Structure formats: C-alpha cells, structure tokens
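Questions regarding the structure given below will be posed in turn.
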Amino acid sequence: MTNDPGPDREQVQREVYRKVVTIRFAELRIREHVEKEGFGGFWHPGIGQEGLQVGAVSAMQDDDYLYYAHRGLGYAFAKGMPLEPLFGDLLGRANGSTRGKGGGTVHFADASRHVLGQGGTLGSNFVMGAGTAAASQLLRDGRVTVVFFGDGASGRGTWHEAALQASVWKLPVVWICENNGWALSARFTEQSPTEHVADRAPAYGMPGVVVDGQDAMAVHDATAEAIDRARRGEGPTLIEAKTLRIRGHYEGDRQPYRDDPVLGDEIPNDPVHRLGESIPDDVRRGIDAEARSQVEQAFGAALAAPRADRSVIFEDVWA
Amino acid sequence: MTNDPGPDREQVQREVYRKVVTIRFAELRIREHVEKEGFGGFWHPGIGQEGLQVGAVSAMQDDDYLYYAHRGLGYAFAKGMPLEPLFGDLLGRANGSTRGKGGGTVHFADASRHVLGQGGTLGSNFVMGAGTAAASQLLRDGRVTVVFFGDGASGRGTWHEAALQASVWKLPVVWICENNGWALSARFTEQSPTEHVADRAPAYGMPGVVVDGQDAMAVHDATAEAIDRARRGEGPTLIEAKTLRIRGHYEGDRQPYRDDPVLGDEIPNDPVHRLGESIPDDVRRGIDAEARSQVEQAFGAALAAPRADRSVIFEDVWA
Amino acid sequence: MTTTSAAATGVAGGTERVIGYSRAINEALAEEMRRDERVWMMGQDIGRLGGVFGLTRGLLDEFGPLRVRDTAINETFIVGGAAGAALAGTIPVVELQFADFLFTAADEIFHKLAKWRYMHGGQFTMPVVVRLPSGVVGGAGAEHSQSLETIAMHVAGLKVAVPATPSDAKGLLKAAIRDPDPVLFFEHKGLYRVKGPVPESDEHVVPFGSARVARPGNDLTVVATGLMVDRAVAAAEQLAPHGIDVEVIDPRTLVPLDIDTIVASVERTHRLMVVHEASRTAGFGAEIATQVQERAFFALDAPVWRVCGTDTPLPQDPELEQACIPSTDEIVAAARALAAI
Amino acid sequence: MTTTSAAATGVAGGTERVIGYSRAINEALAEEMRRDERVWMMGQDIGRLGGVFGLTRGLLDEFGPLRVRDTAINETFIVGGAAGAALAGTIPVVELQFADFLFTAADEIFHKLAKWRYMHGGQFTMPVVVRLPSGVVGGAGAEHSQSLETIAMHVAGLKVAVPATPSDAKGLLKAAIRDPDPVLFFEHKGLYRVKGPVPESDEHVVPFGSARVARPGNDLTVVATGLMVDRAVAAAEQLAPHGIDVEVIDPRTLVPLDIDTIVASVERTHRLMVVHEASRTAGFGAEIATQVQERAFFALDAPVWRVCGTDTPLPQDPELEQACIPSTDEIVAAARALAAI
C-alpha cells in the first residue's frame, strides 16, 4: 500500500476512511462497554487519533513490521488484524490474539501480519524496533519497521540509544511520534525544552518532520516518504504527528490535572470528517453502515466467546 | 576560582600549569609502576587530557560538586584532593580515599572537597549529576555540579533522560564531554551521526560549545561561562573539549584495532607546553621540580602504606 | 477517631484511627516532609494528579512544586537523580509508578543506590526511599504486576520493606525516610484500599527488622508478606476449628530480616510454611526456608514448604492473574497437608 | 590434538583437544555462525578488538561487519535490539562487557526477552543469547565483578547457563544458540584462561538441564558452579585422606535445573552443601537447599549448609575481593564441620 506505485489516491483515501471510521465505531463501542460493564485492565482510548494511526500504517507494505503504541486499536486494525481477536484481547477472551496474556488494550499481536506487539514499559519499542530493522538489513528482506510512540515516551533513554545506532547503521526504521500534548497528567510543553519532538532529529542526523496528525492523508504521505527513504537504505526518519488527547489517559480518568478545556466528546479537526469530505455521501453512508455492523458483530462475537482457560497460564513461557 | 572576580589571569594560568604538570608526573610515575609491578585493576591513563580536566575544574568554586570520568586523576587533583589518597586508592592502600573499596583508577572521593565520585557504569554520572543539581536548586545553596564524561558515554540513554530534565528544570549543571575520539576500540566518527557531541545540545534546548581541549585556558573560560550561567539559574550547558587518547584504553592495551597513527608518547599540542609558554623559564622549572618531588613523595608514601585490612570489607555497606 | 485496645491491634497504647493503607502512606509523607525540610519527592504524575494511585494527593499544594516534583518519563533520572540529590544533603522520596519499572532504573537502584557509599569508602550516606507499587491489582499485565522484592534482598546495600497493614505502611515509611540507607519500599497495590487502625502519633515509627505476629498459634508457623498476610490469617481461621492452630508471622522488612522471631516460632511449632506472591523459584521463601533449617534443623518435624506465585509471567486477564498467586484455599490445603506429615 | 579416555574427561568417546575456556567459546560462536547464517552477534568492541576479553577474535574477519557488529555504548539497544531482531527471524548472540551491565538493560532482559512471547500469546519465539562475563577477575570493582545468575533464575522466561569447564562452555553455548528461548549465558571471567579437554566434534552440544558429577563421592554432596567447581573439587581431594568422600555436582544450568541428580546424590550421602560466589542471601543456594529439603527431607542427616559470597558489594582491591568469595580452605572447613554433625 505504498504511495507509488499502487492504487490511486482516491482509493487509498477511501480505504483510510473506511478503517478510521471503523475504529471510531470500535472506540465508541468499547467506551460504552467500559462505562457499563467495567473492565479488567486499562483502556487507553485513541479516539481522535485514529486518522494518524491509520494514515501512517496505510503507507506500509504488508510485510513491513509494526510496533504500535497503547492508544487504541487503529494501528493494528490498519495493518490488517481483524476486529474480533482485538476485542477478544480486550475482554480477556480465548479468541483474543494473546488469549488473556496481553489483553487490556495494551498487547495484541499477529505474526502473520507482522504486528509484533508492544512493550508495557514505554520506550522499549525503540530498541526493539531498531533491532528488527537491523535484522532486515542483515537478511536483506527489504522490510521497513515502523515504531509508534507518544510524546511522553520520547523522554526515555532507550530513544537515544536506539536512534543513534539506527542513524549510524542507516537502519530501515520509521519513528512516528503521536504528540497529543499529554503524557498522563504531564503537559508536553512543560516536559520538553523544544517546541517539537521532531526538533531533536538533527541530533541524530536524521530528518525530522512535523505533520498535522488530524490530517490522515498528510500523515500517510509523510510516512510513505520516510518508508521509501528507509527502504532505499538511507536510514531512519522521525515523524511527529500533532494530535490531541480527547479523553482521559484511560477511560475513567477524571483528569483533575487538566487545565486546558477538557475535550470530552468534541474532536477538533476530526479525521473522520476530514477524510469523509471528498467521498460522495451515499458511498460514505454505505461505508459507515458496513463499519458499524462489522464492529457490532465482532464485539458480539468476542463477548460471546469463552474466557481463556486457566491452562493457558503455563503455556508460552517456553517455546 | 571563577574567572571573575578572583585572582588575575596570569595567576590562574600558573596554578593550572602547576596542577597539569603535577598530574603529568603522576601519569608517568603510575605508568612506570604498572609496567614494572603490574596492577590490580584497570589504569586508564589520562596523559594528554590533563589540561582540559584541570582547566575546567579550575573554574569551579570550592563548594561546587564534581563527578569525574575514568581517565586519570586530573579532575580530582584539580579539585584539591591531595595526591597521597589518590595513589593510595590506586594501589589498594589503607590510606586511599576509599580504602580498597573503589580503587583502580576508577573511584575516589572527598566529601569535604565535594568530589562525589564516579559510577563504574558509564553514563550513570548524568542522572546523578542532574540530581545533585536539583538538590542545590531546592536548597538554594548556589552550588553548581560539573559532570565529566567521554564521547563514548555520550551514547548512553541516561544522557537523554538527565539532559531533558535538567534543561526543563534549568538545573545548575555543566556537562563536559572529553572527546578523545575513541571509546575503547570504537572510533567516535563511526559511532556518532553528527560531527560533534555538542551538536546534540539544541535537542535539549541548551547551549553547545566546542572547545580545543588541549588549550586548558580555553576550557577554563568556557567552563567559567557555563558555570556562571548555571549559577544564574539559566540552566545547563554542554561543553565538548576536543582531545586525543594518547595511550591505550587502559595501560597495557595493545590497541590492535587502532588504525590511526598510534600516538604512544608524542602529545600533539601538549597542554603542558602550551600552558608553560608564557611562564618565565626559571619559575616554570621551580614549579616542575616541586611537582616532581611532590609526586615522588606521595607515591612513595602510598607504596609504603599498609594494604587495607580485611575488616573493611564489612564496613560501609550500611550507614 | 476511636481508641482501640492494644490487644486488638497489636499496637501499644495511644489513640488510633481506622484509615486506609493509601491514606497512611500519604500521611507518612506529609508528616515527614513537615518534620524535615530536606525531605522532598519526585516521580511521574505525583504533583498535579497526586499519583497514579492517588498516594501523593494534596502534597503539591502543601509543599509546593520544588518539593513535589513531576518528572518526565525518565526512571533512570528519578532514581539516579535521587541518588545524586542524597549526596548533596537532601532526602529524596521517589515513586516509580509500578514496582516492575525498577528494571528501567536497575543500574541506578542496584549499583548507584546500593553501592555508592561502599565504593567510595563510606564517605557518603544514601538516604533515598524508592516507593514501589507492587503486586497484582486486577489486569495490569506482566510488566505492571510483579513482586520483585527478592531481587532487592539479594543485592547487598538495599533495605527492603513490604508493609501489609495501614499501620505498618505508615510506620515503616516514616522509618524508611529517617533511615540513612537506601530503602526499596514495596507497597502492595491490592492493599491500597484496605483499612485498619493506625496510631495517631506523629512518632508512629515501625523499626526495620522486627517481625509482627499477625496471629499467634502453636501447630504450624506461616510466614507471609503483603497481600498474603490476610490470606494466611484467613486460612488460619479456617483451620482452627480443625484443630490446626497456625501462627502467622509477617516479617514486615526483608532487609533486615527478623529471622529470630521466625526461628523461635518454628522451635515451638516444628513446622514452617512460607507464602509469597512472588514467583516461587529463587524467591525469598527459599531464603527463609534455608535460614530456618540452618538454624533449627533438628526442631523441624517436616520439610519447609512454600506456597508461591507461579513460575510464569503474569497474564493480564484478572481471573488468570489470580490463579497465578496463592489463594486462601491453597494455603488451607497446603497447611493441612503439611500439618499431617 | 590428543585423544583422552572418556573416564578422565567425563565425555563419551570421540576425539578431544585440550583448549582454553575462551577458545571454546570462540569456537562455539564460529561453528554456530557457520552452521546457520541467521546467527549473528553484536556488542561493544567485539569486532575490530575481538572483545574486551578476546572472546570474539577473528570472527569479524570470517563473518564480516554485518554479522559481527560493533555497537556504541548502548546496552538497552544491544539487548532490546536483539529481542527485536529475533522477532524478525534472526538469532542474535550479544555480549555485554560485564555481567553486571545487565542492570543497564534490565527492562530489556527481564521484560522484553523473558516475557514478550508470553504477553503476545506465544506467537513469537525469542532465540537470543546474552553472553555475560561474570564473577571476580582481579580488581574490577563492585560494578564489574558480580555473580547475578540468581536474579535470572527468579524471573520466569529466561534460561540460565553457568559453564565451569571449556567443554561445557562450548557445548552449552552451542545449545544456547540452538535454543528457541532466551538464554543468559554467564561465563566466568576467572575461568577464561583455564584449559581442559573438549570434544572435537562440531556437534558437541551439552543439553540444558543436565548436571555433571565433577567428582563422585559418598559422604557429602557439594553443589557448586563456575569458579567454585574447581575449588570444591580441590577441597574434596584434601578431604579424601581424612575419610570424607565428597561428591561434587555442577548443575551447569540453573534454568532448567537438574534437581533430580542432586536429590539422588543427597539420598545417598545424606548431607548437602551449596557453594557459590554470588552473595549468600537469597542466592541460588537457598533455592537448591529448599528444593532438596522439600523433596528429600527425611534423607537429610544434617541441615543444608551454604558457603557463599559475602553480603557486601565487592571491593576493588584484588586481595579483599578474594576474601569475599569462598576459598578452598573455607570449603574444606565447612565440609568437615558439616560431615561431623
């Protein structure tokens, strides 16, 4: 699904729209569930950030590797994972991709789709991702690794170690920072000495790109360019997508610390609307209806699935 | 000992010369000892780098805090530690400042002179130093913390975590990178995507200064300015002093990896000569003779001192 | 505020109130910060938010942003910076959001905190407290739920507290802050909402190295910590009608460890079982078992048994997670079998 | 090249040569890299220099800079990067310059290597080997000399090797590289120069989880690892004329642990002593002691004893350092006292 060659732009945008709107419905369905039924674990809503997630991942090839972040399901769904195992993970069902092991919203994986997972300690993705890219370099498999992370995670030392090495070795990796302005209760502007995370790129001799994260196609294009660069052997790029954290850190967070207008349900510059604008109304309504029913059906199936059996506890410790 | 107000420049330079030449004699004496008698531990010679170490430390006030690096004794001696305990540490003697606990060349300390020590894992000084500076900020004690590190250590993630926080909090800390071009067998030019370590300073919103590390007074001046800035509450500065690793990583390292002309005994741009130029010959000879005998006497005293008793093993685990 | 009898609470005299474990920790922090202005705190989200688990609520308002500092996501700085700040004459009390994150600052904990004083010839003290929300809490997953206190016990130079009650949480934290040595303070997340009597006094300080007999008994000694103490006591109550009188001992600190109290108990009961949430293999249960048989081998009528967490990572699912740590039922069953040997 | 008898070396048949422990490791690396081109290495100074301890000499020349990669000073990348590279179908064998540095990459070791497979539902394997030069070596100090294998034993998900001879160093390393699970490979720095017979075959693979009887005996079982194996055997030879016939068992791997061989021995000798260089408290000796008394309590005629490293950081001075770890004399004295109980 790179930019060029490939399906024409309109088709790409329509597909991005379809995925974004599907995830939006998933977000709403999950929120409803968490509010009504409670939830074992932490659900970090990604509502409003789906556009950048789907836009970026849509620029990846099928066999490129993905390390996602904790904010929602957009990354994995965009990479082709079906909804049912994702919901299954969330609900601790046996049909989840991790069968109750990872779950929460935090961990899911799909080896066949090169969705490699996520570390529960922020910033561990940096070194993992650089290593995956080093393997691709060794194997000459032509794959690129894409690593998502938040503005908060950008402060971890693993960034520095991974980014220096990736740059010197010209590893095929693309770093995508979702800067939503907050790391839990910490404002980005109070935790960063520079205006942008991307301002740090020159220290690592790599391009730094700031892009409007509400503009899914802009993120798609920036990512496509960075992926091409990486695939050509020219090394990593740091992309910073500016976005907003609409809800609390986790669903249920009352955000006592938040002194900007708490956004609640309004999504400024909503990627769903933005992407939808150029799609004919009837087509869009068709996509929406299809997405909604897909979400309902998958969520229902996950709810109906049995919980993981206790025997799984002792499985997968060793190969 | 800041630049201004204080003793006039000529006196500062003479004092820097005295300390540099003393450490030079100490270097030669230690090398002789290691070659003839062997050595329990690793001696990382600092020969040729004494100028920058002494120059920088001479810009500190007595109650400023020092975290040094592993390359020689220049830092600690310049901060006022007498030679005998330093040699004692090296030789595992009871009169060493650590009584056989730290030793090697690696660890010595002098609480009364605010020589706080060094971590044996490279890069741990970064976070320690920033924390010490945070304490000064809290206590409003007006002290500045100076942290030395090598070009190799600059790759550690602790740098990133400490530097970001120090900048955001405007901590009174000065980072001094001794860039001698090598980290053990690793060439700096092959491990850094940027020409200078100081090129990374903008990522942290702090000034980055490159200075000729063989020019002790230039390092002194750059450090004095950075210290003043820190003391005024304007935050950290990154100073990179360009120098050369004259000998192996440790004394005895045969440097099979080294493909630049291995320097051996020749010290390009020798700080001793450079500092000595403007000092009248007879004065200089007097200083030299005094320094040489000071070294001989202190080394003799350390050699004659008893080894630390086994009972110290169980001391100092707990306060 | 109520006054309860010393017998009921195990606390000698004085006025007491029933408060939560979280509140007890919050009070200890506030009181020690009032007492000594060198005491300060840093960590993620401890200020404006009052901590992810709410432990530091209100402290920013009282003590201001220089003494209650929100850091970025930089665990090496939080711990290593605390070490450096201790050398400069302050007393930092830092929070990692989850005890598991000690692995993201392990060099700082196991090298800098544990060894700096020693390596530098005893010239410095290292009065740092690292607060570590520990244990399973209901779906936090493999990297947010571990009980890692044994590792801290193995590496010399660190004191280790594992409070199981509000009173101990408060008293041990105050002791930790007053201690010149580094302390890893493992708070159990599953206990944050548990309430219990806590002495009113500002000087309620529980000394390190003194075990608490949570329930006296004569037939079998059970050593348990943290969340397991209540389960062990519950098990004991279930066993009592069956003629098995269990003594439950909570060591409260693992370093120093009050082995004397445990050995004295075993010399009376002749049987020992250690219950812990941490993984079984090479957990601290092994150390206690080994020390007891070293010192009281001929007093033992049966092997020392362990009831422990599984030797697996912790699954995220809250039901599976509970299946990985000892339940009251398991303790009952094991105690019955051990008493029958 | 010489051919020695199987009886003398404990190795069944085949041609053998006497080579050093370092050389054995170097050969294992080279052979496995030849056998499987997915195997590659990274670490500091392993290429041009051939490693700080010379273990990787010649490998850069043979395998080139993409398979023998010098990294910057970035332990989190070395280990975490290896984890990521394993997910992409390669088999990374990485070196930390000193085992102590596992603390600078602890999140990567104890979380990423140990738990990634589990947390992600078993969809991936994690075939990574981390080589860890371990133990005292003569003046390297508190942060370059530790024996930290117990920590790896406590955290589920990591296999742990502790080779004591050139033959085991080679055979276990080959097994480690072929293992789909992450292995922490603790090489003892003090053994690098020790020589011993090693089978000639490219297929000399020592399976994990199988202990080696280093010296058979009937009166007392001593379990020892690493540098302590030779000291224990030397102690046994000193004790033999005094009528104390010591069996020395080297478990060779701690995860998995061949407890059966140890228990079987104790059932014959009725006495057990564990000797390790690691700090005593909560060291792996406690685990072995506890498992043995769990399984063979009534076979024991005396408590299980431990002779271990001190519960202190390690001083830098080489003489003081030796005083912190068990000497042959201490083992002899303890064994005599234990045999007399």
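Letters are used for the chains, namely A, B, C and D, taken in the order the chains are written, and counting of residues starts over at 1 for each.
We adopt the following convention: a residue touches a chain if its C-beta (ideal position, glycine included) is under 8 Å from a C-beta of that chain, and two chains touch if they have at least 3 such contacts.
Here's who's who by UniProt: C, D = Alpha-ketoacid dehydrogenase subunit beta.
Just so you know, these numbers come straight off a predicted model, no measurement behind them.
Common neighbours of subunit B and subunit D, by the contact definition above: A, C. Of all chains, the one whose Cα centroid sits at the greatest distance from that of subunit A is B. The interface with the greater count of contacting C-beta pairs, when A-C is set against A-D, is A-D. The centroid of the Cα atoms in subunit A and the matching centroid in subunit B are 45 Å apart.
In this assembly, the C-alpha centroid of subunit A lies 37 Å from the C-alpha centroid of subunit C. The mean-CA centres of subunit B and subunit C are about 41 angstrom from one another, to the nearest whole unit. Of all residues in subunit C, those touching 2 or more other chains are 72, 74, 76, 100-101, 103-104, 107, 111, 118-119, 141-143, 156-157, 310-313, 315-316, listed in ascending order. The residues of subunit B that reach two or more other chains are 98, 101-102, 107, 119-121, 155-158, 161, 164-165, 168, 190-191, 317, listed in rising order. Viewed as a network of touching protein chains, the structure reduces to a complete graph with every chain in contact with every other. Within the complex formed with subunit A, the residues of subunit C that make contact are 44-45, 47-50, 52, 70, 72-74, 76, 100-101, 103-104, 138-144, 310-313, 315-320, 323-324.
Residue ranges on subunit A touching subunit B, taken from their complex, read 155-161, 164, 167-168, 190-194, 199-200, 202-206. Touching subunit C in their complex are the following residues of subunit D: 100-104, 106-107, 109-111, 114-115, 118-119, 141-143, 150-151, 153-157, 255, 278-279, 281-287, 289-290, 293-295, 297, 300, 302-306, 310-313, 315-316.
For subunit A in complex with subunit C, the touching residues are 39-42, 92, 98, 100-104, 106-107, 119-123, 152-153, 155-157, 183-186, 190-191, 256-257, 307-308, 310, 312-314, 317. Across the complex, subunit D is touched by residues 65, 96-99, 101-102, 107-111, 116-117, 119-121, 124, 126-139, 141, 143, 145, 157-158, 161-162, 164-165, 168-169, 315-319 of subunit A.
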